[in-house]
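Each chain gets a letter, A, B, C and D, in the order it is written, and its residues are counted from 1.
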Amino acid sequence: MKKMSKRNYYRRFLSVTKGIFLKNPVLTMGFAVPFVVVATTSLQTAVGLSIGLLLTLVPVGLIMPLLMAKIPQDFQWVDYPLCALIAAFFVLPTRVIVGNISPALMDSVGVYFSLLCVSTLLFAARGKTRKEPDLAKVLLELVKIWIGAAMVLLLVGVVREIFGYGTLWGKALPWVKLRFSGVMVSAFGFILLGFVAALGKKIHRTILAAQIWTARNRGPIKEKLIELAHKMREDEEETPEELPKETVEETSKENQGKEQE
Amino acid sequence: MKLWNTKGIILEQKKEPALSRDLQQLLTEQGESAKVETLAENEEVTLDRLIRLCNEASIVDERDGEPLGDILMGWKLRAAPKLIVGDAVDDEPYVSNQTNPLMKQSADAAYGLRLLQTALKPQKAYFAVYREMHYLNSRVPTKIEEFVVRKMGGKYPMERRAFSRLGDDVLAVGVGALIHLARAAKEGRVQSSCFVTVAGNCIGTPCNMEVTIGTPVSALLEHCGLITDPTSLSLNSAMVGKAVEDPEQTLIQANTSAVIAIREAKKNLRHMDCIGCSRCVEVCPEGLNPMELYRATSTNRRQTAFELGLERCIGCAACSYICPSRLELSHLIREKQEKWPKGEHCHDR
Amino acid sequence: MMDFLAVFAAAMAAENLFFARAFDSYGLRELTREPKRILVFGGLTTAVLATAGPIAYGVNRLIAGSSMYYYINGLAHLLILVLLFAAAYLLLQKYAPKVFDLIGQYLPYAAINCGTLGSLLLVAKDPDINTVWRALAYHCGAGVGFTLAMLLLWSLNRRLSSCNAGKSFRGFPLQLITAGLIALALVGLTGNQLPA
Amino acid sequence: MIVKSKPFPQIRAEERSSLVMLDTAIALIPPFFMAVFYYGIRSLALGALTVLAALVTNWISSLFNGRGIEWWDASPVVTGMIIALMMPASIPFYIPMLAAVFAIFVVKFPYGGTGNNVFNPAAAGLAFVTICFGTQLSGYPTPLEPLSLVVDETVKLVQGPAAILKMGAIPTISTEQLALGNFAGPMGTTNILVIAACLVYLLVRKNVKWYVPAAYLGTVCVFASRIHHEDIGAMESIILELVAGSLMFVAVYMLTEPVTLPKRPMAKIFYAVTAGIVTMLFRYYGAVHYSAVFALLLTNAFSPLFDHLVERGNLIELMERRADHEEDE
């Protein structure tokens, strides 16, 4: 069985990049939604917000464990507001940096830049790295989360800029004839994010299905099939935003039964 | 609230031509030999005497298949019923095995009801037929001898609901049982036959028949003639009957009310997903939401199904009948109702 | 009074914190799982906003003239929220332990999140809101609007889980698309303008 | 002989789903005739292209869903026809087609296709293009001047009475013209007599419950008679509100769509009344025209909630009744 899982490159890839593709913080957990849905209207804003995210995530992740070690047990509840305050301090220099790159950007992002210090992504990352004593591992984890979020930000930014303004990074694209001002409203942001999330799930499922298909066509590899069925089940159980659990269990049982036959 | 209370449906009755045809007979000889003691000319009719008569003649109420003697035994311990109803209410399509004998053998039916009346001394006694039959060729008489024939209205499924609405002090006896009671009292005949409707769009001459209990279904089909091969063959009802797989092996029983052979058109197969037209919600007699129940059961969401009242479904199949997408709503809901254990286990997982 | 109601209604519907601004808190998926949680959470958010709103209005008046306003504005408002949260937490813990047991675990999430801070910052930017009353009305409306939005999404959950959607759309993506379509309907109130 | 029977019941009612949807499509044909009469052959081309876009998108998305192409599914036809009829006759072809694509691909496909959508596809499609191309949608050509297929700048566009009402003025249209629908407006929504006749057809075919449009229009009338311009009476105000926008059209074809309606009769009435209130609020305070469409879209989201509340009421009632029975025994 061990050999099998080593040979399964897709699974190894997913476990190494956990937080980027599997368990993406924006697409499956719904963190940092306001920035994706409303604030990201162009590639530039996406880049600016990604920098902002990185510059709040990493310092908070590195400073908090050191600070919390000094705080007595009775006052552990300051964890949450402290986190926000530290992030707010780091938003200040970020404002200056990003503002220097493009002053117009700060206007279009508006209050959302200040909100980086209270984003749910920050608190979620904090909750994940809280128990981890090794700072290098914390850093790795945070960077993975950041890449996952930044990817979605950039994707949404590019789509909205092309369809909304007909430009990319401020440069006009001559082949875009139609402009939809409607893609700038929050409504379209929600819809776009929903479709991106569905697309991510679809790709994941397609790869899994392809694996099962190839395994089936390669002769008597019953164990492999069972293992794959298990894996699919694990994946499904890991993501809490699936259907109510009863369904998942029953359907996966059915799947298993079918595959064993 | 009455305006919105649209529970149940009025089915297309399709009782003709079986209802207006004469009662036909398909009897084997063997049952004729047994005799019971008849009622003497001036004998006083008491409840005990009637119970004995019923038990000796083994008369069975065709409404639910219980011996009539047992039913009367129950009334011996209670106060006299306020009302006795000779039940000839056939609310299902095709079926007319109570109304037809009431019209063709009305003397016997009235005699049977009279016997019960003298024994139990109720305030009132009458016959009841289904009201939504006004478009039929044959008129049901308004009076049979001294008994009024009442027309009971209501939407399918009405029989059970209608009688429970009349109150607790009511004794309802099927017309078939009344006729057999009269025959036992007059001629001393033991009940060896029952009344069965044979109908459906595959049957050549649909009719009501008096059949010896234990005759195979195929004999009835042969007698009435099949035009084409049926796609479905069922006992008792086309809505919630019992499916017959092998007509040679299936035998007529005392509570069999009909044999229905239907060839279904291809357009009646499922051709679409639910379009949310809410017709099923309007017809459900229990006030459930069949479309949501169907969705919950077909995706195995047990907890939601119980929240929607899965255990209250009575399986009347009104939802499946009305569904314009021809989904098998009632079938699936009943299946899951049996498969999943009752309420206690459905805690939040 | 009419003025109060008008600002309240505008903040509740047209500038709904969730649908128009997409301010979330506590994770959309987790929050909309049961109505009790939404009510506790929404009630707390509204209470925090109603208390912090007038204070923030005063503080904003004080610091508005400063040359550093652009930079300290966000930090100052966050500080108000943090102090308010700390005070509420300690007071509740000491004087009302029963209430604390009930809501203590939600208090940090409800007090410090995108919704509360965003609402304060929007009021600070808005030139129309020039009295304490209006600020209070806006914040109450925002809190109530957020609660109603979450309740609406919760009521749609059962309908969403019963529909015959493809496996990849099930769950979170479908919820997002639904929220987007409701937001689309609310655009009819505000017209096509970018939120600041 | 062995007979394998289907599950019970073995008899079925005559009504079929495909016919139910086809009925709505049939009821949409008369407004199209009127559109051709007023604006020429261009309106027919608009309708055909929109329907085609909707159909093709639906086929593609049902392939994506793994259901296979359902040829007999007439609901995209209805969606396309509604979208086309709500457009000015001079609109460029791509706008209604885009609305149709959005309607099917965003509002219907993610939810699992026909019968599962929570929102009215046509309403969402119209809302989307209103946001994107608001200015092009608010100018209408004058009726009885047939348009050629290619519309250039020479075609004079005027404002519809709904926009004039919204600005606080009173449109000057004679009653006769109002009844005939001979005034500037979307292609199919001005002919209220024709729409009323189609409503009768739908009522006779039992595809529409009479109390849904009645409750909706009743609520609108109450609002219109209470709040109106000083210069006109209550009656005039009601007529103007009903005729000016797309209100009647929405009430007959979009509000009564079975998929998005609540399922319980009582919930349907709540829903219709809410839709009426929201429509009028959008008319008074909204920023866009087509206010009825936006209001409908918002009310759609409440439909499961109403069902849930009414069902809860029913359950409580049932339990009480059951408890009474047990006490009696």
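Note that in this section a contact is a pair of C-beta atoms (placed from the backbone, for glycine too) under 8 Å apart; a residue touches a chain by one contact, two chains touch by 3 or more.
None of these values were measured; they are calculated from a predicted model.
For the pairs C-D and A-D, the larger set of C-beta contacts lies at C-D. The most distant chain from subunit A is B, comparing centres defined as mean Cα coordinates.
Look at where the CA atoms of subunit C average out and do the same for subunit D: the two points lie 33 Å apart. Centre to centre, using the average C-alpha position, subunit A and subunit B are separated by 63 Å. The centroid of the Cα atoms in subunit A and the matching centroid in subunit D are 39 Å apart. In terms of their C-alpha centroids, the spacing between subunit B and subunit C amounts to 61 Å. For subunit C, residues touching at least two other chains, in rising order: 158, 161, 163-164, 166, 169, 173-174, 177, 181, 184, 186-187, 192. Residues of subunit A in contact with at least two other chains: 181-182, 185, 187, 191, 194-195, 198, 243-244. Residues of subunit B in contact with two or more other chains: 273, 292, 299, 301, 304.
Residues of subunit C that touch subunit B in their complex: 158, 161-164. Every residue of subunit C that touches subunit A in the complex is listed here, in rising order: 19-29, 71, 73-75, 77-79, 81-82, 85-86, 89, 108-109, 112-114, 117-118, 121-122, 125, 161, 166-177, 179-181, 183-184, 186-187, 192, 194-196. Those residues of subunit D whose C-beta lies close enough to touch subunit A in the complex are 94, 106, 110, 128-129, 131-132. Residues 178, 180-183, 185, 187, 191, 194-195, 198 of subunit A are the ones that touch subunit D when the two sit in their complex. Within the complex, the subunit B residues that touch subunit C are 273, 292, 295-296, 299, 301, 304.
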